[in-house]
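Quick one: the structure is below, questions incoming.
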Amino acid sequence: MIYLLLLPAFIMLVLSFWNLEKSKFVLPATSLLILYPSIKLFFLPKPYKIWGEYLVADDLSAYIMLVSSIVAISVTLAVSTLGLHVKISNNAYVKFYRFFALFWIGLTLSIVANNMGIYWIGLETATLSTVYMIKTNSTVMARKEAWNYMIVGAIAISLILFGIILIYASAKPILGERAIDFSALLLNAKQIKSPFLFEIGFAITTLGMFIKMGFFPMNLWLANIERASFYPVAALFSGILESAVMIGFFKFSRIASVVNSAHVFIFVFIYTILTIFIVSFLIYRAKDFMRLFSLSGVEHMALIALFWASGGVFAALLHFGAHAFLKPALFLSTGILESRGKYRIAGALRGYSGIKGKAFYFLTGIFLLAIVSAPPSPMFFSELYGFASMVELAKTNKHLLLMISAIILLLILLSIIFYKFIEIYQSMKYEGIEKKKVVYGNEVLALIIFAVSLIALLTPWSFEFLRGIS
Amino acid sequence: MIVYGLTIILLIFLSPLVTSFIKMIKMYLLYKKPIPIFQGYRDFSKLLSKEMIISKETSSITRIAPYLVLSPLLLILFFLPPIAGGEYYVSFIDAFTITGLISLSTFFLMILGLDSASSFGGLGSSREAFISALVEPAMILALFSVSMMGNNLGLGQASVNLNNDFPYAHMASYLFAAISFFILLIAENGRIPVDNPETHLELTMVHEAMILDLSGFYLMLIESAGSIKFMIFASIFASLFMPFGLHLPIFLGIIVFVLKIFFIAILVSLLEVNTAKLRLFKVPNLLGIAIVFAFLSLITFYVLGA
Amino acid sequence: MFLFDNLSILFLFLIMLGVVPNLFYSFGYLPHIRRKAYYLLHYFSFIGSMVGVVVAGNALVFLFFWELMSLTSWQLILTEVKDKSTIKAARFYFFMTHFGFMFLLLFFLIVTNGNLEIDFAMMKSIASDFAYPTLLFFFAVLGLLSKAGAVPMHVWLPYAHPEAPSPVSALMSGIMLKIAIYGLFRFTFDILGTWPLEWGILILIIGALSSLIGVLYALSEHDIKALLANHSIENIGIILLGFGMGMIFSSLHLQTLSAFSFIAALFHTFNHMSFKSLLFMGGGSVLHETNTKNMEKYGGLIKSMPITAFTFLLASISISALPPTNGFLSEWMIFQSLIGSSSIDNISLKLAISFSVFALALTGGLAIACFVKVFGITFLGLHRSTNAKHAKEVNFMMKTGMILMSLVVVSLMLFTPFYMKFFDSTLNELLHVSIYKQIFPNIWSLHSVTPYGGIVSPLILLVGLIAIILALYAVFKSLNIKEKVYHTWACGYNTTAKTQYSATGFAGPIRRFFTWLYNPNEHFEKEIISGHKTKFVDASFSVHVEPLFERTIYKGSVKLVNKISYYVYRLAHFEQSRYAAMIFNMLLSILFSYRIFVHEFDWATFLLESVVMLISVKVLLIGEKR
Amino acid sequence: MTSLLIGLFLATLIVALFTMRLYRLILWYSLNSLTLALLAITIGINIDDNAMIISGFLTLVLKAFLIPYILKRVSIRFDLSRQIEPNIPVHYSVILVPALLVFTFYLSEPITNMISSNTNDVAISISALFLSLLLMMEHRNIAPKIIGFLTIENSLFLLGTTATNVMPMLIELGIFFDLLMAIVIVNLLFGHDDEEVAE
């Protein structure tokens, strides 16, 4: 199974060293192979040992694997016409795929890892490879941001390692070598001798992850990076890389909440509220698409973390899926909208004609509305259930009014974001002047894939599946 | 039942008489040669026989509105409190309905003013709208508070109750209501100091301005509406704020009632002679007093119970 | 999932009454809409969503359809984007409705324990053992009344309704606001169940304020649709008066009185639906013929479009609560219930009630003035612009729509007992008390249930009026008087459109009386003939009134957000190239706070270490001033 | 023996904080790694754990010699500025570094209490982490930042060895692999432009 999982990536890696003309079409084709193993994995009985105790797939990781691979293939689908929108050398293409392969290997490892160390290794691999993917856009800004990413990502990653070591140290006395397995930890978390050490470890790991997802204080960091890089890269970032980080957070916090759930909740709650506060006002000021979307991506990540921490597993996962499909879709469509950098928000969506154009126009509008959780978008339901779980938590603990007011604050912040997005939507559709614009079939196809998977997310069957994970 | 019908007819026929009576007294007090007391009937008969000039700019409203100005007032006559004891009367109609009917006729009067595209009409109805907007709440409040003192929201029943046992306990609020209602009586019937029925000077005109373009039959309708309106107010005032005389035998009672009406007429004419017309934007002060008193009477009765 | 009790069916009936004429009207209106498919799609899903809200049986369905309703109506406002104002209005509307939705969401989350599929009965049990019921009530009120457009959440109405296509504004103002009223009924009875006196007083006060504010700002409007929208605020206020009285009475265990007041509220809900839809249709036809919303440009339209004019007249009489129309009846009932509270001894309550009596009375007077203005300036006199000159009667379908709606109005006037039975059965379900027998002993007269209450008999009034008019007309005919047609006399000048009164002028005295509220900014310029103060060739006078709440609350909050966002933005940009330092401090603070709050806590160390933290932040993060 | 090495480790790190020249910094880094390697080997011998010894040798080869060499190559090839001015002035950092050491010792005190073996080493390695963060943020140029990152890795390795008596072998190898990859990436990041020119 492990070979099956990693094979497409290796093929790509190897192919990418021959810089032949065909590669431009061969590579995407190979990248489509990604989907098969993850579907296969999805339907295998869980938990499924991929590689001994090191790589074990449970429902959660299978779900995230599937989501990520869908995102990946549709992004690579869209990439094949990247050159028609932006200036990119053939060499850069090949390099992109080379590092995409590396990225995918790392990602797969970190998603299915049952071992903190392997998780970390995979994450680092993915991070480092994305550093180079940013660089494929050969502008000064991209250069600078790539360095930024290199530095900050490295720090964040090492913080995660720091935390992992502490956790390992805290659990080693009782578990020995197996203290590094998620599953083993989860089972024996209660017996940990020094919970404080463990919690510190968890806190630092979480800090690293949050920094990597661009939470406070890294407010504009991610936004700038995604601004600088090509739009498919941004899509990969928000769609997949963050999901790899997220699953780590899920696994760690699962263990930590066995140790002491109250502390976990407080920590995450304060951190995310702070983040959303900053982010919502940044969004209120944001003036271009990319920053807007990456900021709202940060907001959604914060929400997911918050929902998860407050026990709304279903809500968190649903929100996660919705975000993972919506954000890349929006990044793609944004990239198409601002092809060759000439764009302004007013009337950006106007002037698309023909079947493809209309479809693009329609889909983008829908996605924009879906991101602010207008029904029937999955976000609508996920936020509903997420806040429900938060209110539940509020009712059980003794500071009810405090919690309620915090939730109201959160809702107000969200409605600021909502206002901004509505403004954007309206001015894209109704203001400005009409100019002829072009969109290609594969891009529309990618968007359609996203839309379809969003709808699939809404089916009762998938609701059942998500409820099953806990 | 017959007496009921008769009283209504009596009221109708009395109304021109009262208006011209007021005019007469005023002229007498101003050392003019008084008009004969039957002048009102003469005017009406003259107007009936005259031909009508319909303005070119007007629409079908002009042909509809006059009827709708008069008829609600005529309808009110049926619902008034009893004139004399022991006969049939409509007990249940309450203040809000009566006010509503009066407003209905005012509504159409104002529309009529706007129909002929003259600046006078607009001017008149604008001012009328202003005044009646302030009059209506005061009237509702005053009548409601009085009828609550009479232990029945139906005006007729309330007046009878007031006759039977006068609310000495609530004298204060009763007085407030009386004051405000008297002010309303003046304001709503376009007398000095709110309006001057004699002049046709655009500074002073309110009521007259609206009907400037009417003539003949329609004018007659409006004019009679005016006098009947006065009659209504007078009789409501008579039977709610001078609650006596229902125990007398019928004809004596009727005579007493007529005397009350004429007494009110004399009061009005004296007031008219002794005051000057207010500027339009001073009018709210007067009506403000009315509203305040009405509200006071409601509050004092309702909250303090005094 | 879905619920069909009397309340739902009642409001379904309301929707049906409102929608059927609107369909005709809408199809008549369709040829002038460019994006037909778009329009129809959203139009029907809007109607569908309203139906969905009314029949929703659990929180999830309710919220889903509620949000869908907002979404579609928002899209409908955007059907014909003419200028920036439409976009702004739509945005504002959608934001406000989302704001309300937020509170509804909280409400439901609390009363459902997070399981959104449970039905209302179970919610009731959960709500009853929730610690702070008043909190729940506030959420419900904020959520629903921001949709219903009651003070102070009313500001969006005068923007949103005018910008929508006329059939849609008829739907929005006629029905959508009532959906919020439905929600109010549903929540108060089926979820909250019992309530203290104060809630009722709150609703009462909100109602009184809304009615006054609505009519006052309506008077100062010149945009016909905005004016009607303001009147919706007023009428919602009147409905809330009835509702509040109902709540008060039932919390005082005066069941019959409370049923009476609730019935009054329901009845006014129906009436407002009927005549407000009719008014919006009429206004829409006028707008559609003259292509302007500014009343100063109208005039004399009764000659060119009689049907519109007369249906509009009917509606205006009804909305100004003049007998014997249905509007009069419902306001009469509300008055009766207000007056009928004389037996209560609770000083705050008494003050509140007498204030609302006063407010309602004043509202009635002002409403009459306002509708005289609308009807007179729009339809009577001479046309004030070429647009008005070339106006024709609207097409058949639109006419049908208006006529049907006026039939609804008339039916509400004539068949009051029938409707009353319906309302009574609903109230019987909610309050377990039936008062139909008391208010309608016979179908001729409508009795108040208050002690010594009055009686009104719409039919007798109507018949009497008609009879008298006929009699007078017969007299007129019998006299067969000669007629002559000639110009209006204008003191020797000739009568032109310019000599007429304008809407601004008409409202002048009242505006001047309430100038403390409006503080209007007036623009008056004239070209004087040299030297003279009084003689001038050309002059123009215009008044603009900015509503109070908008000035204060809304502008204020926008300012606040801008300020905060500015500082946050600066903070975020300050972070550039200081990432490492930030992470460093973050790490420090986490170690620090865990050590303090989790490991061991005493104030001395806390203070000491926080000082150290601050120093590190200063030195490493902020650095020296350059 | 171990405590001496740890002391050296910290010393090299602190000296690295004050160096103004790039090559000198690289040198200090390699020395730092050298001490680390020796430390690992000695501890490994003490508790005869082969994994530890192996990773010690790997450290020796990679961090002490290979990576510094590559870095120097890179800096010559792309003539990076050899003058590296810390933007925290020296008179600050003179106070700052000790204060930081104390504070981190203090903060990590409860942590170290909970780890059975060689507590001070853990405390030191945590503070070393902070110091290398300081190294990263006191410089504006890229090269010192990279070295800072590498020193972070070092101190993490130290933490791993001291706190947990070495992570599992597999993990260590993975970490080394990632380190190499990081270096490759750095190389590429510097070296991207002339390729662009070539096309």
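So that you can tell them apart, the chains are marked A, B, C and D in the order they are listed, and the count of residues begins at 1 in each.
Everything below uses one rule, namely that a residue touches a chain if its C-beta (ideal position, glycine included) is under 8 Å from a C-beta of that chain, and two chains touch if they have at least 3 such contacts.
Every value quoted in this text rests on a predicted model; they were computed, and no experiment measured them.
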Which chain pair shows the largest tally of C-beta contacts?
B-C
When you average C-alpha coordinates per chain, which one falls nearest the overall C-alpha average? Tell me, please.
C
Can you work out the whole-Å distance between the CA centroids of chain B and chain D?
101
So the centre of each chain is just the mean of its C-alpha atoms; given that, what is the distance between chain A and chain B in Å?
78
Roughly how many whole angstrom separate the Cα centroids of chain C and chain D?
68
If you average the CA atoms of chain B and of chain C, how far apart do the two points sit, in angstrom?
35
Spell out, as numbers or ranges, the residues of chain A touching 2 or more other chains.
151, 155, 196, 200
Check each residue of chain C and list the ones that touch at least two other chains.
579-580, 583, 587, 591, 599
Tell me, which residues of chain D touch at least two other chains?
110, 133, 136, 145
Examine which chains touch each other and state the graph shape they make (line, ring, star, complete, other).
other
Residues of chain A defined as touching chain D within the complex
54, 89, 91, 115, 117-118, 120-121, 124-125, 128, 131-132, 135, 138, 143, 146-147, 150-151, 154-155, 158, 161-162, 165-166, 168-170, 172-173, 177, 180, 193-194, 196-197, 200
Contact footprint of chain A on chain C as seen in their complex:
60, 63-64, 67-68, 71, 78, 81, 84, 86-87, 90-91, 94-95, 98-99, 102, 105-106, 109-110, 112-116, 131-132, 135, 561, 564-566, 568-569, 571-573, 575-576, 579-580, 582-583, 586-587, 590-591, 594, 598-599
Quick check: in the complex, which residue numbers of chain C touch chain D?
577-581, 583-584, 587-588, 591-592, 595, 599-600, 612, 616, 619-620, 623
Mind listing the chain C positions that touch chain B in their complex?
299-300, 302-303, 306, 317, 320-323, 328, 331-332, 335-336, 339, 342, 347, 350-351, 353-354, 357-358, 361-362, 364-366, 368-369, 371-373, 375-377, 379-382, 445, 448, 450, 452-456, 461, 464-465, 468-469, 472-473, 476, 479, 481-490, 495, 497, 499-501, 505-510, 512-513
What residues on chain A touch chain C, complex-wise?
148, 151-152, 155-156, 159, 196, 199-200, 203-204, 207, 211, 217-221, 263, 277-278, 281-282, 284-285, 369, 374-376, 380, 384-385, 387-389, 391-392, 395, 400-401, 404, 407-408, 411-412, 414-416, 418-419, 422-423, 426-427, 429-431
